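Below: a set of structures, written as structure tokens.
Both of the next two complexes hold chain A, though its partner changes from chain B to chain C.
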Partner chain A sequence: MIIVNSNNIDFVENETVSGLLKRMKYVFPNVVVKINGRLVKRTDFADTIIPDKSEVSVIHMISGG
Partner chain B sequence: MVSGQIPVEEYDTGNTRHKWDVNKLIRAHRVVAEYAYKKGEIQKGFANRTLYINLSNNEIKEKQVTDEMKKLFTGGRGFGLKLLWDSIKPTTRWNSPENELLITTGPLCGTTQYPGSGKSLCLGISPSTDIICDSNVGGFFGPYLKFTGFDAIEIQGKAKHDVVILIDGEKGKVVVETAPLEETNSHLANEQLTYMYAKEDSDKSRQLISVVSAGKAAEHSYWGCMNFSFYDIRRKVCRMKQAGRGGLGTILRDKKIKAIVAKVEKFTGVSNNPADPNKIAEVGTKLHREIRDLDRYQCNMRVVGTSHLVEIMDQYDLLPCENYRFGSFPKASKIYSPKFYELFTKIIPDGCWHGCTMACAKTVDGFEVMTGPYKGQKVTVDGPEYETLGCASNMSLWEPREVLEFNFYCDTYGIDTISAGTAIAYYMEMYEYGILNQKRCDGLELCFGNFEAVMGFLHRMAEGDKGEFITIAAKGIRRVKNWIKEKGWGDQYLIEECGMESKGLEYSEYVTKESLAMQGGYGLTLKGPQHDEAWLIFMDMVNNQIPTFEDKAEALHYFPMWRTWFGLNGLCKLPWNDIEPANNAETKEPAKVPEHVQNYVDYQNAMTGWNVDKNGLILQSERCYNWQRAMNVFMGRGRRKDDWIPYRSMGPVTEVEYMSRKDRYDKQLVEKIGLNQNDVEKMSVSEKIKTLYNWKQDQYQKLADAVYYRRGWTPNGVPTPQKMKKLGFSDKKMLDMLEKVIDEDTKKGLNHWCGKYGKGEKPPSIDPKYWEKW
Partner chain C sequence: MNTQKFEKIKMKLQKSSVGIAGIGGLGSNVAVSLARAGIGRLVIVDFDNVEENNLNRQYYFRDQIGMIKVQALKETIHRIDESVKVDILNHRLIKNNMNKPFRNVDVIIEALDNADIKTMFIEEVMQKLPNVPIVGCSGVAGYGHSDRITTKKLGKLYMVYDEKAKDCNDDVLMAPRVILMANWQANIVLDILLGEDN
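And now, the complex of A and B:
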């Protein structure tokens, strides 16, 4: 189990940040991702694996309007 | 020139060319009033005077802008509020002669070094809401108005015949003259007047003219928008941007103004005479680079404008489909941005004012009109922007050419696409339920997806069709709700809760059912449900960043104040957060884009010579925000009951909606309301809807409690005199009025918190008259 934006989500072995964004259907490009409070750079999304029991925040910046 | 760009001389839109006998048009003019003024210099962003025109008695005069006015109201929309306060009565309605139409600029308006610095802020008492509506718009008029010598234009009274108002900055002259022969529809009127008033027959001269007009439908509808022109030197076309919301174009035509024209002699990058031009160049250059380097990885605004939001909103279940019943739709990909990218004219910088690198103002050139009076002609369509595309999904129109046609006619007829699209979607839903039908709709078969019926409605509205439905439907959802109820044609609950209006204004195009904060962002507003005060859906629904009522109230304080600030200064909001610095993620509050906030602090100080910090910017807004709410109170509105929102914006009104997201709503009954899973399974859908309805209504009331408290308002939503004094106001008429209203509310028992607070919960304060202890 991992926590994504305060919601319990199934853990997937070897899942990268990019994979998680895809699974969550988070298609918005302006997101800030932190794993257990540590910032993940956008350029590292494809290579950063999410460990089990992680607390992940995917902060969508405001856009629109 | 950008590589691959077409040279100015070679570019051809393929549009139908018109030949105007401009001399014949001019010969028919008769001067009604004339006023010569001394040309002056802009000083640190201010012209230091406003222009007043009364069309009833032909008075034209200048009003001085005092330092006190700048201190309390900053500029732009703030100036508009102050001028309106001095002119209107509580009984003033949109068509009262004393109602005013204001176009204001702001100290930063007209800068060419910082992206997004060409916006005008327009105000007036709206036909839709009976309170002040403010609407921001691009195009060249705002900057030109200032360069002719005025921070704002204030128009009162009504002309007897159609007139054109010319503000001639070259000669230092304001002229009101009858204009009987000019076209009314904007794409033609703007072209005629641009050619008429240009000093020479050259593109450069035409570029020094900007026209404000509204088309034929604005005369028969409450959705009238004002079209602000800007002559595009590459396309050789008068393009236009819209001050869309609240029926300001309706006021323009009610005053019998065919157009307002601003003409400048010349202007430069430093026409605003900033206190520190180097600093402005420095912050501007930084942002230009950022946009150039990063936009393609972020919102791609330079390529597809705001249309990129369609696919995002669809994926997040936020795209309004079939009158906001659903947040996504199987056919939605047909109007995703790549479809419009194919149609947009490319490799032309598309800023709506000089120096906007964001360049999001996209067009489709050479579009062949399919219906109505211009059928077969080729025109330039400005847009579609996201909001217009959201209207299309709401009406279930999925063909890009149909969207373009709707966009083109709304613009040239002077109709706000948002209000029209949202309202038609509601009429369509009522049609689906049989509450409306072809006979009741004056022969229109207004079912979802019927493009012919949509266009038929627009054309008949522009023709001034006197059919009972057309006449009332052109006034918007609120009036149609009352009309249907009077006729006794259907279920009151459906009629009231499905129609997406609040305060009489139609919603803009986002589904808010799962974001309580955004429900407040639409309901707890000054003018009505327009997303320009706050856009909190991601923060609330997706990020879960503002879980408590206090968190949401804080966001509904900060963001409306921050966004208000753009309108005080003549700025576009998009370059604030539709692009972000590369290291924004590493900052403490990325949602606020702190580096850009600092840019604005530096920018305003460098222009005006003031010395404010970021809190000072919020204070500027807070003054104007509270003043506008207090003016709503003055007009007999601005109370909790006026912040009512339809249930369609909170949750599922119908069983179809509930069943379309059954798992989500069942989960809410268990997790949020605390029902037992087995009990939920035994409940009928209508029982579930009712339970959810009661809970969501209470959530909204609790949110209103928290927001009013955070803003320093009474539990009935009225700014307190104490709050106004804290903000620096001492206007006795205003303070006495508020005091009196609060006393009356207390006597009526209205000053109490309205949420139902259970165990472990508490209202914002024990004493509902908390402000008395300040």
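And now, the complex of A and C:
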């Protein structure tokens, strides 16, 4: 089990950040992702494996300011 | 009014500084609100000029159309309070150099418009200035739905956030929601600088 934006989600072994975003259907191109409080750079999404029991926060950036 | 509390707050805010990246709808309103609250120093960064179509939500006036935004806003702030120190930078924030104007501030406001640039800015500043809190905003477009707005806290990053809002290119930008979220950002700055109110 992992927690994504306060929701319990099944843990998938060897799942990367890119994989999780796809599974969650987060199609937004601009997201800020933190795993257990640590910021993950966008360039590392494809190589960063999410450990079991992780707490993941995903915020997507919407244009307008 | 509790004058003792007010004086204590005033002293603390006078010694504080806030950097603002982008002074459009969000940033210009954050700046004016923080100036009124008594922040000692503001660093404002933008590369635009004031345009007529800014006036429906941004803190500028008809007689400022055509002016450099940072200059116009500095003037407005000084019409409110001459003692606020306003450092202005009239240029675009460039990748790999985005943190530069904000090295000596206590809190940074992300008030940029484009989603790519917002993300780039937050990533870079969080990496290079890991101890400085950033208060960003995502999802200002539209009107109504005030109750969908929340504060998302990720470590030192505070996002004023409406995950259901549309991209501004597919929606409208209107004063009530833009200014509401701008002041939400300004209010978080006070929380950060003064500690939780009790």
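Everything below uses one rule, namely that the second predicted complex is superposed on the first by the 63 of 65 C-alpha atoms of A that agree within 3 Å, B and C clash if a C-alpha of one lies under 4 Å from a C-alpha of the other, contacts with A are read in each partner's own complex, and residues count from 1 in each chain.
As a working rule, contacts are C-beta pairs under 8 Å (C-beta built on N, C-alpha and C of every residue); 3 or more make two chains touch, one makes a residue touch a chain.
If you're wondering where the values come from, they're calculated on a predicted model, not measured in any experiment.
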Overlay on chain A: chain C relative to chain B, clash or fit: clash
Touching partner for A:N36 - first (chain B), second (chain C), both, neither: neither
Per-residue touch tally on chain A - higher for chain B or for chain C: B
Which superposed partner A:I59 touches (first chain B, second chain C, both, neither): both
Superposition clash, chain B against chain C - the stretch among 333-341, 351-359 or 531-539 that is involved: 531-539
Footprint overlap on chain A, comparing chain B with chain C: 29-30, 32, 39, 41-42, 57, 59-65
Contacting residues of chain B [partner chain A, same complex]: 297-299, 306, 309, 311-313, 315-316, 386, 508, 510, 531-532, 535-536, 538-539, 542-545, 547, 559, 573, 577-578, 580, 584-586, 590-591, 593
Residues of chain A that touch chain B when the two form their complex: 5-7, 25-30, 32, 39, 41-42, 57-65
Residue ranges of chain C touching chain A (in the complex, touch as defined): 22, 24-27, 111-116, 118-119, 122-123, 126-127, 137-141, 152, 154-155, 157, 159, 161-163, 165-169, 171, 173, 178
Chain A - residues contacting chain C, complex: 29-32, 34, 37, 39, 41-42, 57, 59-65
